[in-house]
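Think of it as A, B, C and D in the order they're written, each chain with its own count starting at 1.
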Amino acid sequence: MMTNLDLITLGRACIDLNSVEINRPMEETKTFSKYVGGSPINIAIGSSKLGLKVGFIGKIADDQHGRYISKYIKDVGINTQNVIVDHKKHKTGLTFTEIKSPTESNILMYRDETADLYLEPSDIDEEYIKSASSLLISGTALAQSPSREATIKAARLAIKNNLKLIFELDYRPYTWKSMEEVSEYYQLMAKMADVVIGTRDEYDVMENIQDGTQLDNQRTITELFKYNPSLILIKHGKDGSFAYTRDGKVYEGSIYKTKVLKSFGAGDSYASGFIFALHKDLPIETALKYGAAASSIVISKHSSSEAMPTEEQIKQVIADGEVRFDD
Amino acid sequence: MMTNLDLITLGRACIDLNSVEINRPMEETKTFSKYVGGSPINIAIGSSKLGLKVGFIGKIADDQHGRYISKYIKDVGINTQNVIVDHKKHKTGLTFTEIKSPTESNILMYRDETADLYLEPSDIDEEYIKSASSLLISGTALAQSPSREATIKAARLAIKNNLKLIFELDYRPYTWKSMEEVSEYYQLMAKMADVVIGTRDEYDVMENIQDGTQLDNQRTITELFKYNPSLILIKHGKDGSFAYTRDGKVYEGSIYKTKVLKSFGAGDSYASGFIFALHKDLPIETALKYGAAASSIVISKHSSSEAMPTEEQIKQVIADGEVRFDD
Amino acid sequence: MMTNLDLITLGRACIDLNSVEINRPMEETKTFSKYVGGSPINIAIGSSKLGLKVGFIGKIADDQHGRYISKYIKDVGINTQNVIVDHKKHKTGLTFTEIKSPTESNILMYRDETADLYLEPSDIDEEYIKSASSLLISGTALAQSPSREATIKAARLAIKNNLKLIFELDYRPYTWKSMEEVSEYYQLMAKMADVVIGTRDEYDVMENIQDGTQLDNQRTITELFKYNPSLILIKHGKDGSFAYTRDGKVYEGSIYKTKVLKSFGAGDSYASGFIFALHKDLPIETALKYGAAASSIVISKHSSSEAMPTEEQIKQVIADGEVRFDD
Amino acid sequence: MMTNLDLITLGRACIDLNSVEINRPMEETKTFSKYVGGSPINIAIGSSKLGLKVGFIGKIADDQHGRYISKYIKDVGINTQNVIVDHKKHKTGLTFTEIKSPTESNILMYRDETADLYLEPSDIDEEYIKSASSLLISGTALAQSPSREATIKAARLAIKNNLKLIFELDYRPYTWKSMEEVSEYYQLMAKMADVVIGTRDEYDVMENIQDGTQLDNQRTITELFKYNPSLILIKHGKDGSFAYTRDGKVYEGSIYKTKVLKSFGAGDSYASGFIFALHKDLPIETALKYGAAASSIVISKHSSSEAMPTEEQIKQVIADGEVRFDD
């Protein structure tokens, strides 16, 4: 029998290889630590750690990295009934990270022929989707066929079965063929979704804006509220975030002081905290705080997945107004 | 300045090579006659001949066949402002036809690396689309990237600019990677359209039905009317057609007696007649007659494009209740 | 049991679609006649008509065109034991011809995803090759994998089994990725062959010459005679041909007066006549005459395959010193 | 001006990521150490460390890994005049190694869209090749176009300019499309080479043997000595090696006792020692000892490149009859 799940996330589950030696270019590092990574699996891990019942839909390579991922996510309590093992020799996606300084991090991604992009429409199980109350789609799952069509199918079934459809733009400039291609699929998915989450830069990609008129949240929400969305979250990095609702309300969220080790992982932890709070029916103002607090914790640590906080840690940051360090 | 157009059709403009020697397998034919062909360009030709102001959006090969098409469609009065010439050595699609008997025709299609499937999102001109009152999308234009994304963009711009969006399913089993892929994109487009046109078989493809429960028009219209469509035409070949409207009405159309030379071209001429009548605000009952009459004329002749009838010929068939032949 | 064959040719067997209306651009033609075409199958047809026992190695599409080819070549007496039918929906190659004037002909080729280029190494049967005394390789069979590797394998087995290996450069600028790629494979094959046949332009392609120093036959033969070849034929169009032998001899051949209808087909008929004469142990001077006579007959006719002459016709042209026409 | 080089190696320069935690499956490791890796670059490093003047021909990714490789090989003294930086976003090949036990090691390779396989014929500089006395080709460089054609061109130029051509079979079951494809290119290259080096398993791949008649060195040398090779080295792992010369002599080499940490790197170090000794005109018996000694040192250490021995270390092992460890 199917468990009832609070949330299913769909997309990639990959390997992060984080430079052990930090504050230097990758050309000078010698050692890498291995973690599970990738936006939708990170959000699954983060939400699960916060207490939601979470499932994951994705395709995983039939190799040592794939088996590592599979075991890790089972161990943290994620439901893996709709995790498919690829049998066509596709690879696990890799992200090498380089921490040059607290403000300058780079990534080097391996995204050619990765198993996650070979998720097929026939891999998507309507019964599994039906068992959940919300489905989160990662934009990167739309980057290539057949994952693109599998993702469109999952969204269609979510709508048919009355799940809340959450679209995390999660834009990565790999495997897409043109900016216009990104833009068309992002608009298509955003208009179908109930909740849309992304950075201002990602909304600009969705709108295929290249004319310097960025930062126009009003334009974005005017267009999207003509269609299905009821809640739109636009993140402006260290300048905080804005949540807009269909009834015309605007909520502004700020960030918490922390010691930044690296910037990546910020978005996934934000999404985990924000979505968790929404599921608990906390007010949007509180959801923005949960997102910001989770994010401020993760960017002070070395990994993006293992560093995901508990609700107690989040509450502590909110109470303290900053991340405290013992030193 | 832009002309005001009644209709733009989008998709392929190809070459038909019809066996001159008929009533035998192609293995025994020696000669082929050349015609312009392909569902959306045929509908453009047919509608234009009936009197509509028609434009075409498509990509055409930079070769002798492409130049033949380009000249032919200009000569019959189609607006070609948004016809793009490919400069990457893609080919003109070909359809060899084989007329074994009046009831058994086959086609042999060349659809690899054809110019029409290389239509790009950046080729789509919003100003051009804005100049028309309706846009007809051919399902085959969704069969492969980048034409797929160009088609999605055109549909998006049609909706944005309040054109009537017509989706002709026009299913051809080439270049698609799986039946599930067809099904997802067909559902996506059909739900966005105002008018959906196809044969019962094509709706089955859209619904990815392989369980023998075909012929269930009720299931089809129940699902589609949850979304945008207001008029759905389902054709059942020699058993006639059904038009369904959002307000619950059903219209049944029959066919006209004719001497069948070959079956292909039936759908394109039907669509031309039907759409022309809708544009002239004729009742749906009459539109069904116009479609059936146009179709009965074309299937008695050798080509699909040059055989497209005038309104007078259509009215004559309707008046006579059959196609008359001088013999 | 295997027949003993004089010659096996390897490569493509395609369809020519020749404009029925001549002396005009293809944009103004309406009708095409269908013939079997493609250099190696034309040479097989021509040699067979002259009296050699000929086999063909190639992959043929599982469609109406493929079946037409298969039947045609069997009917003219070619051994088809190693003709493979493709079952992966690849196409028959097509060549539309356009005869603008006796001196200006063009072709429009369809070479994407053609069955002949999917000949695989495992399709090559050593026993079949062993049954022949010579193997003719068409350069176009090297244009793409896996046909490229199948061709290399066939050449290897011909050498191993002491067949005479004939390399017809037959350069077609399709499906090759770069001129350097052509050059490397052409050099590789030419150095392995016993007999090399091509036009001066084709040898320039082999040598990747782009500096205006063409027409240097001495350079070509000096290089090739360091390796395996013992006979090199270089054709200079209407300026005649030169045959060079390893022992330092040079033979010059001229052409015969004719009424030129179109230029294509000249090379295949030349090769048929020349190779036939070599098989009959006629002197090289006579082989050059056989080639030139066959060529002068074919270019006065509409097709390239059906027009292939008999030995009597060739002897008549040689005796008359020109092609005679009844008019 | 060009330096005079003793040896140029051609092929891939990649990154090895060796599990820091050993004697366990990779699923249980957390940390990886980074090294330069790949057979031809390892042989370049090993030969250079032994004292040869060595150059490398290869294409390197324009990313952090590529820059690491480039700097590393310059620092160890390899001439990099013909090392090309890729500007089309191809990747650095990766090899994750897993040391389960001294006798069970596995690798997990990333070979999709790697820069080394995009070496183009036009990247090959005849002047550079001319500057060396020998060229070593890695079989893996033949695995895919355009690297395949670039490699064929380099071999052609080596022959033309009288370099000693060494073919290291170096078979890796990635990116090849079929075993027959491997077999054809391996035979082609082996027949052109002066020296052929490989394991018995690799010769079986070259001969496309799947019938259990392996271990037949006689068959291998009988065939190859019909063509160009004058020296053939066949390695049988822990059972030692055999060197065969054209004049019919056979030399048998054994291995040196060592503490095996992992098996990979054995072949590259063997080749380095063997080729170095040949260059120094040492007898073949000694060359076999140099190869075995170098190999016994490298398999006792963690990396394959940095562990390459000096000539003194090799002489010490030969003198001692085993690898000595201080413990």
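Descriptive notes on the structure:
The definition used in the following text is that a contact is a pair of C-beta atoms (placed from the backbone, for glycine too) under 8 Å apart; a residue touches a chain by one contact, two chains touch by 3 or more.
Since the structure is predicted, the reported quantities are computational estimates derived from the model, not experimental observations.
Of all chains, the one whose mean C-alpha position sits at the greatest distance from that of chain B is D.
Centre-to-centre spacing of chain A and chain B amounts to 42 Å, using the average Cα coordinate of each chain.
Here the spacing of chain A and chain D, counted between their Cα centres, is 43 Å.
Each chain gets a centre from the mean of its Cα atoms; for chain B and chain D, those two points are 60 Å apart. The multi-chain contact residues of chain B, meaning those touching 2 or more other chains, do not exist; every residue touches at most one other chain.
In terms of which chains touch, the assembly is arranged as a closed ring, every chain touching its two neighbours and no others. Those residues of chain D lying in contact with chain C across their complex are 120-122, 145-146, 149, 152-153, 156, 177-178, 180-181, 183-185, 187-188. By the touch rule above, chain A contacts chain D in their complex via residues 17, 20, 25-27, 29-34, 63-65, 67-68, 71, 91, 94, 96, 98, 106, 108, 110, 112-113.
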